[in-house]
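This is the structure, below, for whatever I ask next.
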Amino acid sequence: MARKRLMHAIHEAFVEEMERDERVVIFGEDVEISLFGDTAGLADRFGQMRVRNTPICENVMTGMAAGAAAAGYRPVCHLMFGNFIYTGFDAIANQVSKLRYMTAGQIKLPLVYFAVYGGGRSASAQHSDVMYPALMNLGGIKVAVPGTPADAKGLLKSAIRDDSPVVFLITGGRTGAAGEVPDGEHLVPLGEADIKHEGTDVTLVAMSGMVAPALVAAQELAKEGVSVELVDPRCVVPLDEDAILRSVCKTGRLVIVDEARDMCSAASHISAIAADKAFESLKAPIRRVTVPDVAIPYAPVLEKHILPNKDTIAEAVRAVVNYRKQ
Amino acid sequence: MTKPRTEGANLPADKLAELYRTMRLIRDFEESMIKFQKAGELPGPVHLCIGQEAVATGICDHLDDTDYIASTHRGHGHFIAKGGDPALMMAEVFGRVDGICQGKGGSMHAADFSKGILGANGIVAGGVGLATGAAYACQLAGKGQVSVVFFGDGAAAQGVISEALNVASLWKLPLLLVCENNGYSEFSPYNTVNAGEIADRGAAFKVPSIQVDGNDMVTMWRTARTAVERARAGEGPTLIEAQTYRHRGHVEYEDTFLTKPYRSEEEVEAWKAKDPLPRFRDYLVSGELVPSEDLDAIDADTASIIRNAADFARNSPWPEPGDALKHMF
Amino acid sequence: MARKRLMHAIHEAFVEEMERDERVVIFGEDVEISLFGDTAGLADRFGQMRVRNTPICENVMTGMAAGAAAAGYRPVCHLMFGNFIYTGFDAIANQVSKLRYMTAGQIKLPLVYFAVYGGGRSASAQHSDVMYPALMNLGGIKVAVPGTPADAKGLLKSAIRDDSPVVFLITGGRTGAAGEVPDGEHLVPLGEADIKHEGTDVTLVAMSGMVAPALVAAQELAKEGVSVELVDPRCVVPLDEDAILRSVCKTGRLVIVDEARDMCSAASHISAIAADKAFESLKAPIRRVTVPDVAIPYAPVLEKHILPNKDTIAEAVRAVVNYRKQ
Amino acid sequence: MTKPRTEGANLPADKLAELYRTMRLIRDFEESMIKFQKAGELPGPVHLCIGQEAVATGICDHLDDTDYIASTHRGHGHFIAKGGDPALMMAEVFGRVDGICQGKGGSMHAADFSKGILGANGIVAGGVGLATGAAYACQLAGKGQVSVVFFGDGAAAQGVISEALNVASLWKLPLLLVCENNGYSEFSPYNTVNAGEIADRGAAFKVPSIQVDGNDMVTMWRTARTAVERARAGEGPTLIEAQTYRHRGHVEYEDTFLTKPYRSEEEVEAWKAKDPLPRFRDYLVSGELVPSEDLDAIDADTASIIRNAADFARNSPWPEPGDALKHMF
């Protein structure tokens, strides 16, 4: 175990998987010099054929990942910022998410789209979106949203080894808090939730950049005598419904924190699952702590106003715990 | 761009016969589709390539199973020319469980990865990224494989083409970009949707570009050979614009919804007179390159292959409904 | 009143709005000849400057709509099939959905993206998607999903007059059942649900192509003594939450039918709203009748298996009505 | 492509002074940004155009408020040259309520629709569709308005550019596609991300294309004039590749994350020697076209404008938090 920043953990995963399997290649804009540090030095180590700068051309890049995967490689297509997933969305939505299915399983598509996403950095509307809801609705694409350096490393290694397309999303660029990362081989299976804090009164589901504030909220609430179970799904596709439902059946209450805009968010979907399958257990309304359906503004004061934080999370949890049938 | 001269062929007779056979097989497949579509036997739309067979044939003859092609919505010819089994495709278009995609894809998605056929495509220019990525894989593997993308003149307007030209040129990818210019993008004539000539668009990216008569089997074949050799030798991509024509409509049922014609009878007739199949046959026979009896035998053979394919398709059961849930991951 | 097919109603709306306001222009691939009949004859009537064929270039087309709108016109960008929205997604997601917000309301973007979407025609995976969930999550874009010819006409006219970007989606191409369409000026406001069948036992929410089978199911269930209230939101953005919640509070039960894939569907989101705001009234789990998270297959037998129909809808309603707390 | 010759200017002195003033104002704005960024006064990233001022100035001098421009992430120069108020943009970059976008957009989204400024853009080539659509609107309106899109050499690889070239050529849209080739796409040198020359890419679409020294104020201005006149006259689009250089980094804080240099000191110095601002000043003074006192007066004036802008920005309050929920529809 050693404390590492998220980007450092990601970098390790890349190095280890590229060492392990020479079919792993990385391409994208400026991956050689590396904006976030995640791919820094990889070109020197593995050569420019395997770590390759592309021009700015997301349309063809996203399709190229599929073609290279279909032809036997395990490409990581680095898309820099999550919003550029929209720029290259055609191949992701119309080809990658469907190719295996349309051909009745003839082909595996072991590829990873990698991007940094989310708000909180005054990077404005076109660099701060949360785009996994759109990806979740496509079917056929796995989506990993790690919230800690350890999960990031373990999930990225699994994503690279997975035979299905995976979109791998992390928040925050070079910043991001450090965390303990196990030494040596460390794999986290795609689709397995992790209980980040055990509790009995209320289930709090949070993922990715929301795990940290949710954890703080859980710890603060513990002092108030509210026992929060914090479930981190770690992937939104596949979604570990069982783990979420198990917890809800135990606690009878559910709050979901999601940095996505509210409409058709992961939070909406998780709520819908519980309202269907854990109805019996529910003692209170299901609350979503999400971003309102607006673009992400520039001024810090505006951005802060719309992003979930430990206080808005704690408030939602309190409301649910204090709920009494009228 | 360069324009190859039509030259006398000094190809061996068996190669010429083989090319004829492929064209004939595609033609027979497509003609059977007309019939089945009219008879209501096909659940989904089909886009036929009658009149364009020389392009697929000329290109794919130079390819092995380890090479890749990405095709279009008008993909039956590419599938067959690349060695795909017509019976498996036929069953697919019928939506049956023995189809190459077990009835999940249909005409617009027929693919056979074991033959390097990355699939037809319902998205115009959708194959461009796939083939470019496969070309990158070919380059990484270092075994001289190549990758080909077919696209139409309508598709040429899609920006992803220029992206591919740029990256393939920079990376010297073993990629052929083959534009089948049949003069129409659906119902829009060429010059209403394309400014300038497609074969001129490669030069700016330093991609050698050739405009060729796509109805001239031998010239098409030679043009393809040069480009494939270049790619295999690591010298990079080539853009080929093959000028051709589709005899049928854009989609088989178009008469049911079009309220007015979009091309003249004379134009269609003029192009039918340049039909690559009889033209090649004439060339073979009149040049005494392949005896007409041999060609008759081929005709009989391809006809029976397509008859058998149709029987195979018709007799194949529908997929199990529950299989709709399989094959996502 | 006269019975008209959906495409005929759409055509009428185009004609009327183009007559009314010369800033209304339509562009797209083959809009002159018109594949679906919706724009047939408009070029002859209004001239080729206002009804203009484009090359195949969804990337620039979607952006052009925004530019033309910003410069004072009211463009309808015809995208033919809904899946091609993915092809032109960059400008929709990164520009159109945000431009007004990013510029603090400086600009109105009165534009309509028009497309035919959904399955049931053996058009396969790349021509059959339901893409409104992705659009709903963008914020900033209204999405109209009419289920009847009358609503189609009334909503399209409102969409063209609206100062915000609207994606207008219809199912089924030239087919589609006929329905009564009011004569003369007929406007349906964006964001107002319509009760297609009144009832007291259970609320059934259905939109677009699902309204017809839901109505049949409601009628059949009535014979069994189950009183269904069928709520058709008609738009998914803005979503008429009040109408849905009003009905749920009355009936205490909710089933949502949505042709979208399940994950992050409109159904998920509507369920989440009810699980939060109508929790008190709920007597049974909230059920979603959606499409499983797969691509749309070609063979009719496969496609039929995954699309909702009157029987699967009725079954879900019965399950909810018969639900007894264990 | 064509390459204009640098000619002696026979522009009136007041026009020359005006051009100098615009460049100087942009330069002062950008230099203030360096300082504010270092001081931690700017919440978000800024991309500065120091060294590239002549392009924005030369193009926009021919435009009125009723013409349109769409800009890039490096958009301050375009905003100012098109007549946007530097104080309103400054407040915007500070994230304040008096900013042109009330603090909602920041540097990458500064727009002023009342001046035809469709906005900076955080998406590379994101302005292309906007400007093409505005050009369509200009054509429909029939009043001789024009629309301009600025984009970088990195952006030139985006497919949407070729889509715009094609449609603008077919429709004869009053559109200028202005590529500011500053030699780098972020940290990637030109020839690693662009095959061939950008100005060569117009010809295939029948779009007149010009490669011009973007650091030569007068030539830039003349080149723009020809293109704008062509557009106003209904003769269609022009592609202009202006060769220039950015003196600063790609983004102001790049030193904090780059681990190695991506360009040489010598290269930077060589280009600084070709800095368009002193070069133009020299030209004006040595050619006795504008007296240096007049230019000094301009310098003093622009400096004070920027000082006032900074005061205005700094003193402007933050937006109300709740305003984050406004302005979606």
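Going by the order they are written in, the chains are A, B, C and D; count residues from 1 in each one.
One rule holds for everything that comes next: a contact is a pair of C-beta atoms (placed from the backbone, for glycine too) under 8 Å apart; a residue touches a chain by one contact, two chains touch by 3 or more.
Computed from a predicted model, the values in this text were never measured in an experiment.
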{"item": "Highest C-beta pair count, chain pair", "value": "A-C"}
{"item": "Taking each chain's C-alpha mean as its centre, the one farthest from chain C", "value": "D"}
{"item": "Inter-centroid spacing, chain D versus chain B (mean Cα positions, whole Å)", "value": "45"}
{"item": "Between chain A and chain D, centroid-to-centroid distance (C-alpha), Å", "value": "37"}
{"item": "Chain centre separation (chain A, chain C; CA means) in Å", "value": "29"}
{"item": "Rounded Å distance between chain A and chain B, as computed from the means of their C-alpha atoms", "value": "41"}
{"item": "Residues of chain C engaged with two or more neighbouring chains", "value": "54-55, 57-60, 83, 87, 90, 94, 101-102, 124-126, 139-140, 292-295, 297"}
{"item": "Set of chain D residues in contact with two or more other chains", "value": "101, 103-105, 109, 121-123, 126, 157-160, 163, 166-167, 170, 192-194, 327-328"}
{"item": "Chain A partner contacts - residues on chain D that touch it in the complex", "value": "43-45, 92, 95-96, 101, 103-106, 108-109, 121-126, 154-155, 157-159, 185-188, 192-194, 257-260, 262, 318-319, 321-325, 327-328"}
{"item": "Contacting residues of chain C [partner chain A, same complex]", "value": "58-59, 83, 86-87, 89-90, 92-94, 97-98, 101-102, 124-126, 129, 133-134, 136-140, 237, 239, 260-269, 271-272, 274-277, 279-280, 282, 284-288, 292-295, 297, 325-326"}
{"item": "Chain A to chain D touching residues, read off their complex", "value": "29-30, 33-37, 40-41, 53-60, 83-84, 87, 121-127, 174, 292-295, 297-306"}
{"item": "Interface residues, chain C side, partner chain D - complex", "value": "25, 27, 49-50, 52, 54-55, 57, 59-73, 75, 90-91, 94-95, 99-107, 139-140, 142, 164, 238"}
{"item": "Chain A partner contacts - residues on chain B that touch it in the complex", "value": "68, 70, 100-105, 109, 111-114, 118-119, 121-123, 126, 128-141, 147, 159-160, 163-164, 166-167, 170-171, 326-329"}
